[in-house]
């Protein structure tokens, strides 16, 4: 089952600068071989359900190993059976509607 | 790794009444043996990471088998290493602060 | 426009115990006169769009006044025009489907 | 109060192709004068709390006017008082940590 997913991970109790933790998680994704994109409010990923969720679990493990005691993560996951969709395709189909004024 | 998690599953393209799909997913949770609570905006679950996420994946599979072609699910997942926390404990600790006016 | 909404507020950089901040926000809701329910992963609220969002904004202000420098809040908001729905009604309609095995 | 926010709006009961509704909402943002970026799983926006939330409310109104009877929207909103942060800055600070291997 293929997913298009977004997640954002919030380490709690380690101060207000979170970028080094986000970076650690980006490295987990880089190793996973998954296609992903960091943006201002989270990371978009696409791939097989099990591989994607294994990467997110690994992010929690890595952050706890960095002495983060508490983590809250938001995940939005989409699946569909009518056709294969990509992250790029989702943006393009909105862009197409905007261009056509439809 | 223990999690306290909330999720809500939105079947897309099957009309505006979603309760039968939510009910199908509640049955998946009942079979899982996990502790869970339905509320007005989602379902709270606690348990082992892998067991909880396997149940959510199963919800997607069951809904797709019910001919839902597209699903969007929101998951909020918390882990912590300082101590074991329960869903009941989270509500009680806020209640305690409210009682003390603190 | 009436909303059924859930939100959870995460104060960042103030340690791992967040209950006193959640309690401060519950007091904002109590003063608002809105119908709300705290649960293990957030707070459900129902009411007029503007009143509900004013309360959430006030929560951010109150927490910043308590010296929280950074806050991340998750909001899930639903509106519908087909009929008036209540939080209680949402749970009951799922329960009804479960009872009927439907 | 300045916010960095992400939202994604799900029209329910209007079929599985949602791009024309997302496009309608992008037009609301374009008119608002806010800085925003569409990505595969939502739209990032930054600006004043009231202006940003007024735009999201307007999206709900516009979609209901397009005969969408039910809408579920996810919003993640961040505020901070330590310094002004931009969406671009959030991505750059993670990128910086990745470059330094830190």
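Note that the chains are named A, B, C and D in the order they appear, and that numbering of residues resets to 1 at the start of each chain.
The criterion applied here is as follows: contacts are C-beta pairs under 8 Å (C-beta built on N, C-alpha and C of every residue); 3 or more make two chains touch, one makes a residue touch a chain.
What you see is a predicted model, and the numbers here were worked out from it, not measured in a lab.
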item	value
Most remote chain, CA-based centroid, reference being subunit D	B
Same or different residue numbers at the subunit C/subunit D copy interface, by half rule	same
Over-half contact-pair match to A-B, picked out of the listed pairs A-D, B-C or C-D	C-D
Whole-Å gap between the CA centroids of subunit B and subunit C	16
Distance between the centres, which are taken as Cα means, of subunit D and subunit C, whole angstrom	19
Computed distance of Cα centres, subunit C from subunit A, in Å	25
Shared interface positions of subunit A, touching two or more other chains	16, 69-70, 72, 74, 76, 78, 80, 82
Topology of the chain contact graph, where touching chains are joined (line, ring, star, complete, other)	complete
Subunit C contact footprint on subunit D (complex, rising order)	1, 49-50, 53, 57, 60-61, 64, 69-82
In the complex with subunit A, residue positions of subunit D that touch it	4-6, 8, 16-17, 19-20, 22-23, 26-27, 37-42, 44, 74, 76, 78, 80, 82, 87-88, 90-91, 93-98, 102
Interface residues, subunit A side, partner subunit C - complex	10, 12-16, 18, 69-70, 72, 74
